[in-house]
Structures are given as C-alpha cells and as structure tokens.
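Below, chain A partners chain B and then partners chain C, in two separate complexes.
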Partner chain A sequence: MDYALKDHIKEYLKNDIRYDKRKFDEFRETSIETGVVKNAEGSARVRIGETEVIVGVKFELGEPYPDLQDEGTMSVNVELLAMSSPEFEPGPPGIQAIEMARVVDRGIRESKVIDTKKLCIRKGELVWMINIDICTINDAGNLLDASGIGALAALLDAKFPVEKNGKIDYKKKTSKKLGITKQPLPITVIKINDKFIVDPIHEEELVLESRLTVTTTEDGKICALQKGGDLPLSLDDISKMIDIALAKSKEIRKLFKVIK
Partner chain B sequence: MSESKLNVSEKEIVVPGEILATGMSYLPSYGTYRQGQNILASRTGLMRIEGKVLKIIPVSGLYLPKRGDVIIGKVVDVNFSGWSVNTNSAYVAMLSIKDASSDFIPKGADLTRFFGIGDYILTKITNVTSQNLVDLTMKGPGLKKLVSGRIVKVNSNKVPRIIGKQGSMVSMIKNSTGCNIIVGQNGLIWVKGSPKDEILAVKAINKIEKESHFSGLTERIKKFIDTYKR
Partner chain C sequence: MSYKKRIDGRKFDELRKIEAKVGVIPNADGSAYFKIGDTEAYACVYGPKHLYPKFLQNPTKGVLRCNYNMMPFSGSGDRVRPGPSRRSKEISLVTEKALLPVVNLDDFPNAVVDVFIEFPQTDAGSRCAGICAASMALADAGIVMKDLVAAVSVGKVDDALVVDLNYNEESFEGEVADIPVAVIPSTGEFTLLQMDGIIDKDRLLKALDTAKKVAEKIVKIQREALKNKFEIKGA
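Right, the complex of A and B next:
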C-alpha cells in the first residue's frame, strides 16, 4: 500500500474534506447512454466523472444445463482493458476482473430480474443464453458501480433478435424486450479512517481500509453484498453502509427514468 | 539538385506523417525527421519555421526526456547500484548511487534509507543516450525527495503554460493559495499546503491545463482563485 498517499488522504479526512473536495456521500457527475454499440442487442455507456465503461448484451442460442432443463442462462464477463489504466495488463482476467464480474452477476441473478424460464424456447433442447460483456474504457475509480449501472442499462436496452429454426438473424431485431421490472443497483461504500465514502476516486481506492458493495432493488431489498479490503467491519458499520447505499441508489435510479 | 518546396505555413497544425517540406534546403529540428527528400512530422503540434529550420511545438503526446530537464520521478525499483525511476515517459530512468547523494554511501548500504519504492523525487536529467537510456542526478540546487504533499499529473506540453512567463503563473498560484508548488518538466506537479489550499491549487492547475489556449490566462486564473476563496 502507498502509505505516504494514505497519510495524506487521512489528513484530508481529519479535516472532513475529500481528496477532490466532494461531500462524503456525493457521486461525481454520472451519465448513462444506451444503444451505443450497433452489433450488440443491448448496450450502454456509463460515465462517472472520468470513469467510463461500455456494456454490451449479446443473445445466443444453446442447450440448457441438465439440471435446469427449462431455463435460459445468463453470464457476466468483465474485461479490464489495458488501455483504461496503467495498472491493467492484457491477458486472462485477474482477481479484480473476476470479482467485479461476480458481484455484478450476483446482483442481477439474485434479484431475479431476468426471468430465466421465459428464455426457454424448447424444453431441454433450446434456450436463450444472455451474455453481458463489460469493457472498461477509463479507470478513475469506482469501476464496480459503473459496471453495475451499465449492465442494468444495457439489459433495459436489449431487444431479442429474430430466431428461426434454431438460428439467429442478428441483423433483425424484434421489439420484444427482456421485460425487466426491478432495478438492482450496486453501490460501493468504502471506509477510510472511520469515514464512510461513496464513489471513491482511484487514489481513495488505493488506500481503502474496507469496502462493502450493496446491491439493492428499488423496494429496498438487498440482493447482493460483497466485502473487500483488509480491515474488518463491525455490525454497526455494515448497517450504516447499507443505509448510505440505499439512499444513493435512489439517486442513481433517477437517471434511469430517461432511458425508458 | 531539385528545387525545395515548403508545404506548410507558420503556426499551422500538423499531424505525424505529414510531409512538411521537400528538398534538401530545409533542416529538420524538434518533432520532425528527414526521409529521403522529404521532411516529415513525428508529433502533433504547431508548425514553427525559423529560417530553414522546421520545428514543431507539440500540443499533445507523452513527455520525451531531454538533457537538463528538472523532473519529478517516482522510484519504482531499488537495485544494487541505484534506483529505477518512472519519469512519466516511455523510458525508465536510472539514478546511480554516485549521483544520489553528496554523502558517501558505503558498499552494501541499505539503499531504501535514501529512496524507497513509491517515493517521489525532484531530479535532473543528466544524459539521454541514443538508445533512450536516461540518467538522473540528485546533485543540484533544490533537488530532493518530495515528502508528503500531493502529485498532480498534467499534459507535459502544457507545463510552460503552468509556469508562465518567468514563472509568473506558478508564483501567482503560490501566493494566492499559500501552497508550495514544484513543477516538473515531465508533467508531474507537487503541491503541498493545507488540504483546502491544496485542492484550490489543484483545481487552478487543472483549469490552466484545460484553458491553456485562451489569452490573458493569468488574469483568468487569478479571478478563478479569488471567486473560489470567497
């Protein structure tokens, strides 16, 4: 860990100031754009400050899993492109990419926002497989929240392609959507020096003590949690962090009204 | 010999690969190179024609180490014979033991006592070889390890704007924010003061970087700092 940077950031926090002068519970300027990738069935570009991710949703046809014969599948893949940060290297996904993919995946899966039974075309033979691909364009901190917001926006944007005799015509899109009713959004709250902070910038991420990603739906239900960082969290900390995440997710959800 | 021809005019924006002139009566300088009869641009920037010498003032692109530049570097490795320093350019620089301190450093001494990994240092480039091996020194007025404070990264081509004429811009920011500021030629800037002052100085620096093409920049920035303070 960069201890000089940590001491410096702690000095700021002692004075109740963040490294970029935001409030502790303030997001950077956030924007969502959908339909940015022509070849994907659904896509979104999310910007949080200088952080930027592009998310694409692709539909495929395939055989269902043997134990879930009448259900389609969904998978999330995160690609931390080497262009987006000097710390990322090309090659197979590392710990950070896998963690991000799994947290986003868990949020969407456990909120049951995609009805996998509706993705079944012929039981035991043919189902829709949904791939959510997340690409980072620039890492200025808080990639996880950006990915989660992007994944949801891309799912809302996605339209089924035309399917005929077990083959897909990707050039034609139907008007049928996934029918997403809930909005699971991950909000990461980090703890440095007994202060709770949302939307960390890269410098704050480098020195965080612990972090908690809380994915909630609009009715206030928690569908996924992920703890990270070196130091433990007390029960009191966790409930505080969940409260912050719930309040913030309401704010971010307002941005989604524009999409529909 | 064939006739020489100039394809560009003064202050025109050129891009890499553009043929600036043909014929042997023009000479390539910074940011340009000769290929057969032609002189081509190797950087994006403003054209400068000084008699027969063709030069480009870059507007973008990474820092290129130059001999004599005072830069801020980050120590990335400690070896037996010295330190490897990230210079915010494509090339890693070397700081050898004999250039690191005016004190005598005995053989086998623990070099991390002087500079550890992650430390920022204000250092000077003594030599850049044709193979782009960069040598550094810590011997010189003001060259030191930068303790605490924060580092801001800017486009290295905007460094002259941040320093201003005879240092007018940087001394104005220093005086009005009360921060200690050191500008490295490689685009790293070290700022130290109280947290509030530091943030103001950083915002001013980012504003200069963004609005460097406006005239009356120093006045603009002074106004910005004054309104911000209130």
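Right, the complex of A and C next:
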C-alpha cells in the first residue's frame, strides 16, 4: 500500500474520521446465512461489508487421543484462498492463516461449547472428529471476526450424519445436533494513534499499531485473547478494548437469534 | 437393465438448472460464479501481472495459469484434505488447455494471468462448471478473447445418451461413460476432451455432437450474465 494512503488514514483518524466514514465502534453491515453447503454437515456464509467467508463442518470417525480415551476431537482450519485477495498465494497455510485458525479454535475449545465427551462412540476405539474449515471468498478486512462468527453459526447448523458399524453414511443426516449452549464470539479491536476501532477494513489493518481479539461468551466471560501488532498495550488500553469487545459481541449475538 | 428414465427426472438432453453471475469477488480483476445443479464454482482472475520466478516467463506472450481446488467440505463423502492432489493438478492442467485457445495474451510478454477456481459444493461435473466460470471471469477481467468456452459432460448411462451427468448417474451400476468436454461455441471446436468408461465410436461422435448443441445453451447463459453487468441500461 502506498505511503500516501497510510498517512491519509492516520491523519484523518486524528480528526476522528475513519477512511470509510464509519463510527469507531460501528460494524459494517453483517449477515449470517446457514445451510449453504449441501455436502457439509453444517455450514454458514458470513458477510461483513465486502468481506465474505464460507465455513463448513465435516464429521469424521477416528480413534481418540491416547490421553483422552473417551473424548472426540475438534479442529479448526483456515484456508486463505488465493482467489480472495491479491496478497494470498496458493500453498500450505501461512502464519496468518495459522494464527486465525488457532484463535478461533481457542474460543470454541476453551468455552467448552462442544462437549467432546458426547462425541465418544466406543471408549478407546471410536469417536467423532469435528472438522471446521473456514474458506475465504473475499478479504476486505476483519477476516478473523468473520471466521469466528461463521464457525459458531456452522456449528449451530451442524447435524450428525448416520453412523453404522464404524462407517458414516454421509447421504443421511440425523436430526441430532451438537447441543451448543454457549456462544463464543471473537471481536477484534485495533489501536491506531490512540484510537480504538472495531471491524477494520483491509487498509486500516495495514496501518494498525496493535490489535486485541477478545472472545467472549454471552454471560460476559472471556474465553480467548490474542494480542497482535507491533506496539505494546497498557492495562488501561486492554480494559477499554475488552469493554468495546463485550458491547460489540452483544450486538453481533442478536444476528444469531434467527438461526436454529 | 436399461436406463429409460433419469434418476432426477430430467430429459436425456436436459441440463441441470444453471445460475451464472460475474463480478462476485470485489478484490479480483475478474470473477464469476457458475452453479449447475448442486455443483457450485467460483472463478477469479488476477492479472496480467509480473510473473516470478523469472524462468517461468515467456518473452513472446503472457502465461495463463489455472488452479482448481475443492473446499474441504465440498465433497459428498469424507472431508477433502486441503492442498493440491494428483487429481486437482491434472484438472488444473486440462482447464488451462481448455481456455488457452480462446485467450489472447500476446500483448503481455513476461506476465501471468492467474485463474483460481474454487468449489464450495460439488455434485459431478465440477471441472466443466469450473471452466464455464473461468471463461466468464476472464471476460470480466477484460482479457482479449475470441469467444467464451462452454463446458459440459455428456455420456452414456446403460444404453441412453445423456447430458450433464450428476453424481448418481456417474456411479450408476451398469455401463457408464462420462465425457467432460469444452467447446468454443462459435467454431464448434473442442478444447477439453476426457473420458471415463466404455463407449463405441459411433456413440461417442453422437455424444460429442450433442455436446456442441448443449454448449450453445450454456454460452447463452454465460453471455447473459456478462451483459447483466456490462450492458448500459436504457441505451
């Protein structure tokens, strides 16, 4: 990105004006659609402005981990598809994709939104493995929040396929759901020139000084954190950013009322 | 056993429902969405842009590079492991060859035009859907082209000649031939021709002739989608 644009964004922020004229705590228009992929057991499409991701949940059968004999597994994978941005290239996941996947994973894992004990079919032998794949369609900034929203929506949408003698019949879905009771949602707050901003567009992400992703559940508890960016945060900064994230997550959570 | 009625009730020469759009991905220089039945393809064009590493460059004209990829949750069975496979690499290659005859990259020596084709959902015929989407995305990106390319699979299920096989037909018990083809509608030439199965020469030629006719229908939909974006309304 050229320096003129970077300076422009920073200069205008001094006067409390964002590049796309939004308020500092204003999300772009956000929509969630579930059941968008027939072949997935659960799926969702999330749009935040021009940013778009598709999330699919696939169920597999496998052996449990040696130290967790009566628990199923869950994994999150992010594919930053080369089609979604001129900056992404085909190939194995880079550090950005890995960080995003791990932050989304932590929110889901630590809030214990999936009861992995209920994913056990035969102790020590056969368990359900839940794969959450996040694919980007267009990156116009804030992919992480879009991914977290999409992952939760796809999990809420997911239905178990039919299992018989250790094999899955993917053609048949049962009516059994994952029994999701909590709603962990990541909200990323970025800091530029001492201003705190939510839902950054791509251009704002390029000039951010620091960022904090705060994943919260509906009872106001924090279940995952990730600080990014090159500059440090003070305790005061962190407190403010968490407050913003809590307020925003309440707003986003309203969009989930239509799902189920 | 003979195949008198198609599994999904279509006529033997009937395509599945098609939906086509261009300009679906704001970041791309050109993009398209092509849905046929339950098979959904996105195609995205980036370029012409400099090609690195340098030894890949062609000093006489631009290089077309295609990348076919299924999203991990797009298949009807197990999760598809992310990343290239032998299958996806071969399909990327034949996709490139299917599009090359219509694109003119003479004005872009040492450059590359990247085409990324992604599938959120598949139900057979994905390489054809991908080629249809890719040719629309190239046109959307303003690449000089002779014509669009329309692709469809034709074939034989038992004794019946069928068009646009879905997954249930491909896996029909009995003799099946699945022939994905791509056609340049204005010349009637073929730019993709593959086959899985068994067929005799007479039937093959008949199937290819049918494919030419069906390609006309597809290209109409492709052109319509492009017109929807570029036609000046009220002019």
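Assume the second predicted complex is superposed on the first by the 256 of 260 C-alpha atoms of A that agree within 3 Å, B and C clash if a C-alpha of one lies under 4 Å from a C-alpha of the other, contacts with A are read in each partner's own complex, and residues count from 1 in each chain.
Methods note: contacts are C-beta pairs under 8 Å (C-beta built on N, C-alpha and C of every residue); 3 or more make two chains touch, one makes a residue touch a chain.
Computed from a predicted model, the values in this text were never measured in an experiment.
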With both structures lined up on chain A, is it a clash or a fit for chain B and chain C? clash
Look at A:D169 in the shared chain and tell me whether it touches chain B only, chain C only, both, or neither; answer first, second, both or neither. neither
Between chain B and chain C, which one contacts more residues of chain A in the superposed model? C
Is A:D20 contacted by the first partner chain B, the second partner chain C, both or neither? first
Scan A:D7 for contacts with chain B and chain C and give back first, second, both or neither. first
Chain C: which of 9-17, 63-71, 117-125 or 135-143 bumps into chain B? 135-143
Do chain B and chain C land on any of the same chain A residues, and which? none
Under the touch definition given earlier, write down the residues of chain A that touch chain B in their complex. 2, 4, 7-8, 11-12, 15, 17, 19-21
Residue ranges of chain A touching chain C (in the complex, touch as defined): 36-40, 43, 50, 54, 56-58, 60, 77, 79, 81-86, 90-93, 131, 133, 135, 137-140, 168, 170-171
Help me check something: in the complex, which residues belonging to chain C touch chain A? 25-28, 31, 38, 42-44, 46, 67, 69, 71-79, 82-84, 114, 116-118, 120-123
Chain B - residues contacting chain A, complex: 118-119, 147-150, 194-196, 199, 203
